[in-house]
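Have a look at the structure below before the remarks.
Each chain gets a letter, A, B, C, D, E and F, in the order it is written, and its residues are counted from 1.
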Amino acid sequence: MGGVIVTNPPKAEAKDVEALAAFGVATVSEAMGRTGLLGPSIRPVQQGVRVAGTAVTVLGWPGDNLMIHAAVEQCGEGDILVVTTTSPCTDGLFGELFATALQKRGVRGVVLNTGIRDTQELRDMGFAAWSRAVSSQGTVKATGGSVNVPIAIDGQVVRPGDVIVADDDGVVVVPREKARGTAEKSEAREAKEAATRAAFLEGQLGLDRYGLRDTLQRLGVEYRSYEEYTGAGS
Amino acid sequence: MGGVIVTNPPKAEAKDVEALAAFGVATVSEAMGRTGLLGPSIRPVQQGVRVAGTAVTVLGWPGDNLMIHAAVEQCGEGDILVVTTTSPCTDGLFGELFATALQKRGVRGVVLNTGIRDTQELRDMGFAAWSRAVSSQGTVKATGGSVNVPIAIDGQVVRPGDVIVADDDGVVVVPREKARGTAEKSEAREAKEAATRAAFLEGQLGLDRYGLRDTLQRLGVEYRSYEEYTGAGS
Amino acid sequence: MGGVIVTNPPKAEAKDVEALAAFGVATVSEAMGRTGLLGPSIRPVQQGVRVAGTAVTVLGWPGDNLMIHAAVEQCGEGDILVVTTTSPCTDGLFGELFATALQKRGVRGVVLNTGIRDTQELRDMGFAAWSRAVSSQGTVKATGGSVNVPIAIDGQVVRPGDVIVADDDGVVVVPREKARGTAEKSEAREAKEAATRAAFLEGQLGLDRYGLRDTLQRLGVEYRSYEEYTGAGS
Amino acid sequence: MGGVIVTNPPKAEAKDVEALAAFGVATVSEAMGRTGLLGPSIRPVQQGVRVAGTAVTVLGWPGDNLMIHAAVEQCGEGDILVVTTTSPCTDGLFGELFATALQKRGVRGVVLNTGIRDTQELRDMGFAAWSRAVSSQGTVKATGGSVNVPIAIDGQVVRPGDVIVADDDGVVVVPREKARGTAEKSEAREAKEAATRAAFLEGQLGLDRYGLRDTLQRLGVEYRSYEEYTGAGS
Amino acid sequence: MGGVIVTNPPKAEAKDVEALAAFGVATVSEAMGRTGLLGPSIRPVQQGVRVAGTAVTVLGWPGDNLMIHAAVEQCGEGDILVVTTTSPCTDGLFGELFATALQKRGVRGVVLNTGIRDTQELRDMGFAAWSRAVSSQGTVKATGGSVNVPIAIDGQVVRPGDVIVADDDGVVVVPREKARGTAEKSEAREAKEAATRAAFLEGQLGLDRYGLRDTLQRLGVEYRSYEEYTGAGS
Amino acid sequence: MGGVIVTNPPKAEAKDVEALAAFGVATVSEAMGRTGLLGPSIRPVQQGVRVAGTAVTVLGWPGDNLMIHAAVEQCGEGDILVVTTTSPCTDGLFGELFATALQKRGVRGVVLNTGIRDTQELRDMGFAAWSRAVSSQGTVKATGGSVNVPIAIDGQVVRPGDVIVADDDGVVVVPREKARGTAEKSEAREAKEAATRAAFLEGQLGLDRYGLRDTLQRLGVEYRSYEEYTGAGS
């Protein structure tokens, strides 16, 4: 079935990646119109860590980490490895030895649509990781796949060179062409949120700040006292 | 489709809430005859925190947090916000800005039958939260729903003013009429458990303490040596 | 329906258990040819703890912890309690009182193919636990079952006296006859991994270390520049 | 822990049940403002059958069908048995013998938030059934529970005497006080749908019939030719 | 990692298999004390078919059907192929070509703890199949495994030569040593059920037939009229 | 947040679609190197139907079918509607009225990564449908989205104009540029399978036909008699 290892794909510019690294996953996703998120099943193995980097993508076979070996050679400073398989897999395709090799190459973390193992060692090394499962189940190196081709995880397409931002809330992918614009919009959103936060701290309500009382009225939502509500039957 | 925002529902008395706050979720549930628990899919975003408060309930639309905005205005000192949607939803309906507004109003925490975001910020703020998922997925404010009506989560009905107790083990709801009685039974149970703990520390077996040897015999459970067991085939 | 409590089953030797305790779950499983793992749904309630011990097995009824009471009496120094039910169950069959009784008897931990409760108390006590769920749901003591019979969890058979090793990555079972051999192979594997780690730190690639370039070629995986790849159409 | 068997609860009137039986589950739910549905995990064991009847409710213990035996005595002509358990359960709590007893009493079907067995026999008997799982796992009769108390399944509360309508699309509960009104609204909705169907058959678009072109415009959804779209980058 | 293909394992006697074939899965499981069932996730691809045969077992790698090829040679008249993988897999490991080869050898069906494909063709051929998923995902033939070793599925151990009975309700495994005894007990149970059915048809209640009124009383379950129940609050 | 409705995207040629319609989903996926499959959670609501057509894609909001209305206008002869949402959704976004409108326009079916309703009516109409769930839960028309943009479902990207083939085994997407080539390879594969089928009917083994005995040997899989195997310990 072949497969292909694509070398030297274009990547988002480092300064744009750095700019995005300043923002949380929720902010970045909002800045892209509420898009780009991998789903809630992909969770961090550590707490309190945020990373941003450029994607090196892997499409492998379930129970097989051959293509991760091939991908290591394609990884460099500032990258984040993103791995999926042709069908669902929770096996521990990635562990401390891969992390050692990647950390030496300047790779900032890994996102696995599969399982991971050696989680305590990864935390001790400070190698950031997100995965769908934690599993010690080992793998073979027997079936081909691809590196640096577009892959799809949880409804999102990740292309090599796209920006990955990941934190305690999950993982978001920013298409490389949108990196700069998204960083700018993220900054604008943070400013707006700071103003909202200040207003909320002074007691303003979202109902008033966002003009939602009109929305409620237009939708026919009514205010009723408890007595009115229970008196009217259930 | 309308929807209703019910104002000033009756609430459990503050002293009963405080009394319940002294007990863990398991104790409170046992004191109610092993009822009242939301299921194991609703998990805390922090560790080592226990809260008790009176429920303000929200029934919203999936992917929409309009009714949470409406609910903030109904929340006050000692409340806990409890949110569900008309069909399953893991989106991040709640985050740090809502928590800021609620914390200022004296709200003690949030229980979401949906996703949550800004988990690191929530931990930093000390705003307690339990949710079905962690997700940065943002929401719209486009569809009506209800506040302070009875809602059902995982087989439990939560009414406004009922007591919510939540800790590392999960979330339990105590009907407001049963708050005082449940606090009393919880205390009795804790005393009984303390005695059991002391007995177990001295080596007594549950088999003897609870009279279970008779139960085993009545049920036909037999003791066999390993040799008897394996010699008998299987 | 009866059921049986088997007394004094043979156990792996203590020195072999101690030898296995030196290795992580992933290493032990690899040493057994990538077998023996309970699946990724069984997770620790604490972080950073590894235990090894001999299994005392329980097969109970869902929502019922009678047979755990029966099993406590069969537990001793160096054991690990392993509990499953005849059909799936997430109830909190085990909590702090059981842990108190077991800790006094020298038991090293518990593995539950069900729910657990009192998780904060268990962490405070230092009693190690792995479970499929966290749930405060209490149980009855009404239906018989068995202790120290072979049980199956997630495709693995656990017999009484087999060695359980558990850490942040999950749980592995080593048949008691293979304990010594597995410890030896684990040690050999660790040595091999140390050499690989050193090589990776010096920049060697897995592709070269494991001879995988030939594998890729044999499988028909091709290297393409980004321009070749995209020029050729997707 | 006791439990209670409530006798002679009020029921929706037979003529209102018959009126509701004329409509599909989707129509009835829409007529109630898109409420009342049990979730999509509860599926029919047969195809092409629709029933409506008054609920007799059971809250039992997982793995235990004692309370179904108690409920049979409370069931009569035109009822539908609705069963849930205190925690999730897929065991086969119900089979052909129960169906035989209920069919003789004029019961119209069963809705199980658990497993069911003897599915072929049930189809042969023409006894309608909906369940969360199909499982032959047998049960005990050892733990108490309740009959004809309000129960909650998938976010819906079912009270004794409420109307259950079930078909290939699932199950909906209509509070007994709303039975007549819902039947009337269902009829109105069917008439409206018939008009829409006729319009669609003549080629009218929902966009025009429901005035959605304005909605799209207000929401900022834009029409673009494929060339514009792809030329503008993704 | 090796693996082993075991030849000529002992099998249950054909007459005992035939005897068991007369009973449904629920009856056989009950006759074994409510044991032996594979869980409710393993479903038939056809309706209305019951088979019984002797197990030929396969333990393969996810996404790989090499060992099924090896198993075909070990299969003969009256066998049922039972397949699992070392970690969870929904891929279509089995389809019409395998069924063709097996049907020619007199094999009666297949039970897959994985996915299956060509379901329409299998129904057309009359080759009975049960599986965890339906998936067209194809497989490789690259990794070793074992044939005719004990395997565990959903908490049940299946050994080569054990009896498999499968119908619309699911799959049960009968240890070969227990085949005859289980057939006898199944017959006794059917007789008992026939008597119960007759009694139920005459209107007897399970409460009376099984003496459950005493059980309810002992457990503290109380009868209350609706007025008493609602008047007492809740 | 806008969204876009793309008009007149390029489509696979009708003759290539017809050619693909001759093959089952499994064959088509194999012909593409075992790619293109939507996962096993997307199931048909009917049995024994195969369709092929060109995709019109919809990306909507959970609980909202506004964009399906917009998509109807973009659908024509030979199309298949393919719908997903920005986050997971099991609501019944599609039913008989939509099917009526689409059937009139010559649309061949629908694939929903959400729920569907009116399943009996759809079967009666002969409108083919595949979905992730069956649910009567109704929807609003309040939030924007896109039509005829690339969407990702279960790891597969579906672009407007790509070919969808669906049958009892599931759904496969063929990129429009690969439609002709895939049809040719599918035909070749069917010829090869016919030869294999004939060989299997004559008793040839896959082990021999595919040269797998060497593979087993290379992998270290050994043949052992039952006596050797059990004598050697487990």
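Methods note: a residue touches a chain if its C-beta (ideal position, glycine included) is under 8 Å from a C-beta of that chain, and two chains touch if they have at least 3 such contacts.
The structure displayed is predicted, hence computed values, not measured ones.
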Mutual neighbours - chains that touch chain C and chain F alike: A, B, D, E
Relative to chain E, chain with the most remote C-alpha centre: A
Rounded Å distance, chain B centre to chain C centre (Cα mean): 29
Sites on chain D at which at least two other chains make contact: 1-2, 34, 39, 86-88, 90, 135, 137, 142-143, 234
Contact set on chain C toward chain A in their complex: 24-26, 29-30, 34, 37, 39-40, 43, 47-48, 167-170, 172, 193, 196-197, 200-201, 203, 205-207, 210, 212, 215-216, 219-226, 229, 234
Partner chain E, residues of chain C touching it in the complex: 1-2, 33-35, 39, 84, 86-88, 150-153, 155-157
Complex contacts: residues of chain C adjacent to chain B: 1-10, 66-67, 69-70, 72-73, 90, 92, 95-98, 100-101, 104, 115, 117-121, 133-139, 141-146, 148-149, 160
Interface residues, chain E side, partner chain A - complex: 61-64, 86-91, 135, 137, 140, 142-143
